[in-house]
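Across the two complexes that follow, subunit A remains constant while its partner is subunit B and subsequently subunit C.
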Partner chain A sequence: MALGTKASQTVLSVRNLSVAAVDAAGARPILSDISFDIESRRVLGVIGESGSGKTVLARSIVSWLTAPLKVTAGEIMFHGRDIVTDQAYARTLAGREIAYIGGNPAGALDPTMTVGAQLVEKLSAVRPDISTRDARDKAIRLLEAVRIPSADRRFHEYPFQYSGGMMQRVMIVDALISDPALLIADNITQPLDVTIAAQILKLMRELNEEFSTAILFICSSLPVACDASDDVMVLHDGRVVEHQKPEALVAAPQHSYTKGLIAELPTLWQDGPASEPQSPTRDQQAIISVRSAAKAYYVHSRGQAGMSRVQAVRNVDFDVFPGDNFGIVGESGCGKSSLMRLLTGLERPDSGTILFKGENVGEASPRRLRELRRKFQLVLQDPYGSLPPQSSIGNILEEPLKIHRIGSRSERRDRARSVMAEVGLSDTLYEHLPTNLSAGQRQRLNVARAIILEPQLLIMDETLSALDQTEQGKLLTLFERLQAQHGFTYIFISHDLTMVRRVCSRIAVMYLGETVEVAPNDRLFFDPGHPYTRALLSAAPTLEARRYRPEECLLEGEPPSPIDLPPGCAFASRCPNVFDRCHRENPTLRARGNSALASCFLIDEHESGPIPQESHNA
Partner chain B sequence: MFVVRFLARRLFQGVIIVFLVSALIFTLLRVVPGDPVRLMAGGMAPEALIEQIATDMGLRDPIYVQFARYMSGVAQGDLGQSFVRPASGAALGGASFDDTTRSERAEVLTLIAETAPMTIQLALLAMIFALIIAIPIGIWAGLNPGRWPDRIALYLSSIFVSLPNFWLGIVLVLLLSVKLQLVPAIGYDGFAYTILPAFVLAIEIAPFIIRALSVSVASVMSQNFIAIAAVRGLTQTQIVFRHALKNSAVPLLNLLGVQFSMLLGGVLVIEFIFDYPGLGLLTINAVLQRDFPLIQGIAIVTAAAFVLINIFVDLIATVIDPRLDY
Partner chain C sequence: MTIIDLPSSAADQERSEARIATRIWQHAFASTEFKIGLVVFVVLLSAALLYPWLSDIDPTKMNIRAKLTPPVFMGEDWTWAHPLGTDQLGRDMLARTLVGLRYSLLIGVSTTVLMVMVGALIGLFAGYFGGWVDTVLMRLTDAQLSIPMIILAITILGVSRPTIPSIILVLGLAGWPVYARVMRSMVMAERKKEFVRGAMVLGATDLRIMFALILPLVLPPMMFVAVLDIARMMIFESVLGFLGLGVQPPTPTFGNIIADGRKYLLNAWWIATMPGIFLVVTLTSINLMGAALERARNTVYGGT
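Showing the complex of A and B:
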């Protein structure tokens, strides 16, 4: 076939490319001596940590280098013509032959124009020969191809009416609408939830086969890159350190950097928890006990009279025992953060109870709540926004003590210095502003600020999400040490399954404001009771052989809006095992033996037979 | 549907605002010292006559009774009668109390209706001049933030904003009207008389528009979708004129609304200098003569205009940027 011969054609050929940041002080190299080829219909994955030059590479190919970045040597040949020297040629390619998709779909289109109008505008700009009518039809056809529901209606909606995952699909349409020969995908799954990211990757592979586009797939996660690509190139310090087939790369990495990267990768099933987390005995008083907690917010939504009710948290049930590491996982919008606000008493639940050592946090007086807060502290996600930039580190640490009127000035100072030592911050930083701290150091400071009050419970709301793999590992070790010394109980709120797998003894899975499953670590990963948990596990980026095949478990579509929830089970619209009853009534958490709970009607059927269940501790 | 609900809600709010403004002005005017009846009747009128006139006019009733009477009139479109001005348009004040020619007093609504179009004409022309000056400079500065077009815009704005309008008005009259005889200046006898005062006003408000426009264009130009647009294959012209300008229009529009309302309500100095027969001149005279009904009427009309202009501006803004929800 004609297409078959075309498939082996080299689209892009980069030779000895070097890019440097050139300013008055001289040239600082960003990329050095990069060479590679991409053929049509192939996907070349590029991985590397932040700062390795991945994005600069992407931008040099789409001619989007801004001062002070400059190509200092080498060439980028597109179909045999150099686009570095021939800028006019490069301009004719932009958006037409070389398409680009970035990692920030939310801000990628003009917020004041409809998505459809912008797709048509782009196609008309790069292919003036296509009529508006044809452009419109093509846009709608492609929107359907990337599975935007009711595409012809969605065509007339504005970018803010799309979710992040849908917007990324739109950007894929935007890139492919001109039938480009080369697609640069720069971290396209990074801001998305795992199940949505997995859908996007699957879609990209399908489209790649259909449209015979060459794809440069840039990504910071090795498992994702290996999943998505035909070849993987590893960038380290601006150099290509390795270029192999994914299987070969994982099996026999050549460069020490790749070896380290693979060795450090956390696993879900192979190794199990870092240090076998022991669930504490359940014969004592729970430190936190949540019973059918619910919280709704009222928002004004456009084009509608009155307020809409957003059910952020609906049926949440779990117990956390002293000394435990409890994990709460779920994707964005599942109510994790609203639940955190309830747990810390920042907001009161509409119904249900939240007991801290038998005392109802939801009904405590403001004064009592402040006293209670000494006992449970919160560490937040954003290492930058959560620290006041104009206070010295010492002041930041002493402030909680001042608020609770603890100790004299010199005692507070000593306490601050001792917690700094405990979390591994140098004593010399005491007088410094937090401005120059790295993200990891900032999170250490946040942890120090939380533990200075000697709490019993620490709630970690995505505390490690902003950190890279190495730094995450160091902080987890720190958490373990602090727990051994002070007997803290941790609640980790996270979307990262590998992290939760490593440190938590019991895990709750949330979906649309409900706890759909609560189970011990091993049980959750080896014998999940809820189809949503299986979908999460099937979508998690890992190099291991998957226990749950994405083909069987992966979800289609997106979660329904918490404003108008369908009757019955909220998961029914995406569930692969859905049946009649799910649309009629909402399942509640039911026991599966060995302190595992899940809310799915299928459990009744499975569990009715005498299937002996083995869990790692009773 | 959205537009109907929007207008219903905003007009309702507007009525409340106008009512509160009226109440405030009404009360304040009556607690300041000075008896308007004495001014109306003339200095020589006997005390008994003054009391009689005052009682006849209801000026001796409690304030809330007077206010209720006044507001029920306003609701029916009756803003009352001027204390001082005769309907015949004859000269004001000074006449003796028994002068029969001044019995017919002018309707406030008529007085405002005669002068408001003059001020609207002046305000519109001033706004057009200001936009002609400010839009190219503002966009040019916004597209080159920190570079010389931006600095030129800044210096020019500083000069414009530091020129006192009365001085500029007088200098321009001297130069363009007296020396060069290009445009007429004082009074009003045709459209040409609007040009010079409008130009002086335009110089006064242009710096605000330049500043707002250059800041909003610069911030839009640094957004992700603008940077991506070139990579997506759009031309620079498309990026600037279809996307950047549309997105920077909303903050500018809000500023224009406020500026236009201020032009309608209070171009006192300019109208006084150019002896331009608009609302500003009417206001000055009304204040000098303690013509309470007239002051009240002008206050209510300008408050209503302010409310309507802002409703209009917000409506246009939601058309430009569908994310907005007022």
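Showing the complex of A and C:
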């Protein structure tokens, strides 16, 4: 350990730090007059929107500033020595005493080396005297410490075999392996799901206890920062506008910027859906009706001959009624995207049925499927990758019409212009490339492309997750208006509970490929029927008082691998209410009162027996 | 409801009213390189194509008394009748070079077009469908790659008569595997992108995705290489000419003119040099246009 003493001591002390972009035109300040201290075993959270100087702050501490950025004033004292003036000293620290974790673990790991080899290489670079065997043991021990299951086997795997959350854990190991005194975590939870992020945060805190490392936790989400840190510093326009304990910050924000930030946060518990969802009439036919759909993939597995079977989707049951906003939530890897591929007919289910207005999508002929596709459209997640490059906006919009051979050239053009107006894109953009559009504008374009065929059902696959709060709000208003005008039905596939809470009237929760609960909005949030739903709700980052505490809802266990599913309930390994029946038998969805379903044995059996499907009629 | 527009200068605004293809051409035409390349290329091409109407000098007419006349201002007995001199049989070099340019360009361009078409098509199918389609097509490609071009040419052209179409066919057949390989890897990279999945959900057929969506993205970088290959193919034709398997005399091509001139390199350097100069100038003009076009594409697409 770098620090022998148990008592906390100041590791890093920043005084009046100013950084500016210096070029021929002059100096443009990026950071001005920043001062703070971090003690060992403490977590200092830094929050601020993009462009507030968070990353520049992190980089100036690890001496990574590149031209034109330059420290113009102030000092950064690490263990009492200034690293701004003493560059030689700074170089001995980077990667050893000061570790840095970024927000893009997939980009930080070398895809051509096994994870273990990279960790050992890093360790032998900073500690040349360590033997390879010791280095390997240490790496495996740390991989276990960050709860990578069967670490000694995973040690020999390549980064692509890791999930995003696991890669981020590997990055934490990579940072901790040299026993640093200070760890800079720059936006590490941003690309992760809420539950995975919650686990990573919990892990960071525990490691903090264990390794007595000081942590500078940089983040753009206020709830996450408040959750993770002992103190929170709010950065705005390169200045520290507030520096407080998280409780005090939330309860009594001093600066107007912080106040605005807190007011803007979405809430889970206080107010329900933005507009009271009209309860769709249950006596009409469901627009989409899924019955025990299942889909498995075969993947090559290392070390074994042949292929392994991954059960991506199983026992999925739900109905979506016309005019409804239906939500599908779950952690990454729960089968949301596989289900989306089944719903859109990109793939066919192995068993079960997916009925679109009574017609089986899974068995439709390719020609019929193409016709059906006019009626249900998908809006994709990535605003950058989902638009074909080098096509003008007009061409992108006319493509669906050309595919289905609708209209003449001039009719198509008029139609494209009218949907552009509908989603709020100016007419003059028609011949433009989407290159200069922002993420929000690109998603508008994606929506326009989807609605140009006048579909009845729109499937939103994480459509809003790449956008910031304000932009999300604007698009949700747009969706609402389009729904009112055209009577669309929406399916929102998302991991964002606050968004689903605001928009959807009915919500399905997925865990390891199964729908474990289907319930109306309020019922799901205030009276969840499945313990997994409760765990998911407990992990959601909000500033509000928690209704469910993660400690009570989630046992420290790993979800089983979809390759090797246990016979009983998939959640049994993490469920606090588990009893022996759960390990033998998998519960099916059963009704719990009017229009709510959950698959758990603890639901009163006498209320009604297990029914495999939702009733069509109220 | 706010309407979104992009801030842009008046000139940009004016330009952006036009279609994207039009904008690329406008950008290209605005550059000096493109104009120079275009003028040179058009002059050369029209001279080569319109030669029979411009002059009545027969490129195959021999005049032993005027043999090995040097080009104008060179040596002693030059004459304006033969501005680029004459060869060992007294044939006019200007006429021979221009006609040779016509045949060489014909061979170079059609061979390259054939290569790119076959290669791109095979690579497109292999990369898009993958699986057994990929395996079959790529093994075929490997088999083709393993046969040395010269041996293939000697076999085919030795058995049949070396005519211009058969030479084009042989050279094209030998050249496509490289394009198939490059195309396949580019298509594989593109087809994983989300916009391809988006098009599938919209109901686009595989053929539409391949030809309307992916091909336009991967073809331009290949065309850049293809322009250089035109020159390579013109040289290859002359290699075949050396072996006696090229276009047969008396039809002049750069290949057989250079082959003839090789023997007289010391006392009549111009025979082998003139086609070389024409080759360099033609290709430079094509490359100038290609480079300007590429720059224009990058300007308009902004690096996407």
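Everything that follows uses one rule, which is that the second predicted complex is superposed on the first by the 500 of 618 C-alpha atoms of A that agree within 3 Å, B and C clash if a C-alpha of one lies under 4 Å from a C-alpha of the other, contacts with A are read in each partner's own complex, and residues count from 1 in each chain.
The criterion applied here is as follows: a residue touches a chain if its C-beta (ideal position, glycine included) is under 8 Å from a C-beta of that chain, and two chains touch if they have at least 3 such contacts.
Values in this document were obtained by computation on a predicted structure and should not be read as measured data.
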Kindly classify A:Arg444 by the partners it touches after superposition: subunit B alone (first), subunit C alone (second), both, or neither?
second
Classify the contacts of A:Arg373 with the two partner chains as first (subunit B alone), second (subunit C alone), both, or neither.
second
Looking at the overlay, does A:Ser178 come into contact with subunit B only (first), subunit C only (second), both, or neither?
first
Tell me which partner A:Lys122 touches in the superposition: subunit B (first), subunit C (second), both or neither.
first
Tell me the contact category for A:Gly107 with respect to subunit B and subunit C: first, second, both or neither.
first
Determine, for the superposed model, which of the two partners subunit B and subunit C contacts more residues of subunit A.
C
Does subunit B (first) or subunit C (second) touch A:Arg96, or do both, or does neither?
first
For A:Phe160 in the superposed arrangement: first (subunit B), second (subunit C), both or neither?
first
With the two complexes superposed on chain A, say which partner A:Gly424 touches: subunit B (first), subunit C (second), both, or neither.
second
Indicate the residue numbers of subunit A shared between its subunit B interface and its subunit C interface, in ascending order.
none
In their shared complex, at which residues does subunit B touch subunit A?
1-2, 5, 223-225, 227-235, 238, 242-243, 246-247, 320-323, 325
Note: in the complex, subunit A contacts subunit B through residues 62, 64, 94-96, 99-100, 102, 104, 107-113, 121-122, 125-126, 158, 160, 174, 178, 300, 302-303, 305
So in the complex, which bits of subunit A are touching subunit C?
344, 346, 369-371, 373-374, 377-378, 380-382, 385-390, 392, 399-400, 403-404, 421, 424-426, 428-429, 431-433, 435-437, 441, 444, 446, 449, 453, 481
Mind pulling up the subunit C residues that touch subunit A in the complex?
1-6, 13, 16-20, 193-195, 197-205, 208, 213, 216-217, 300-304
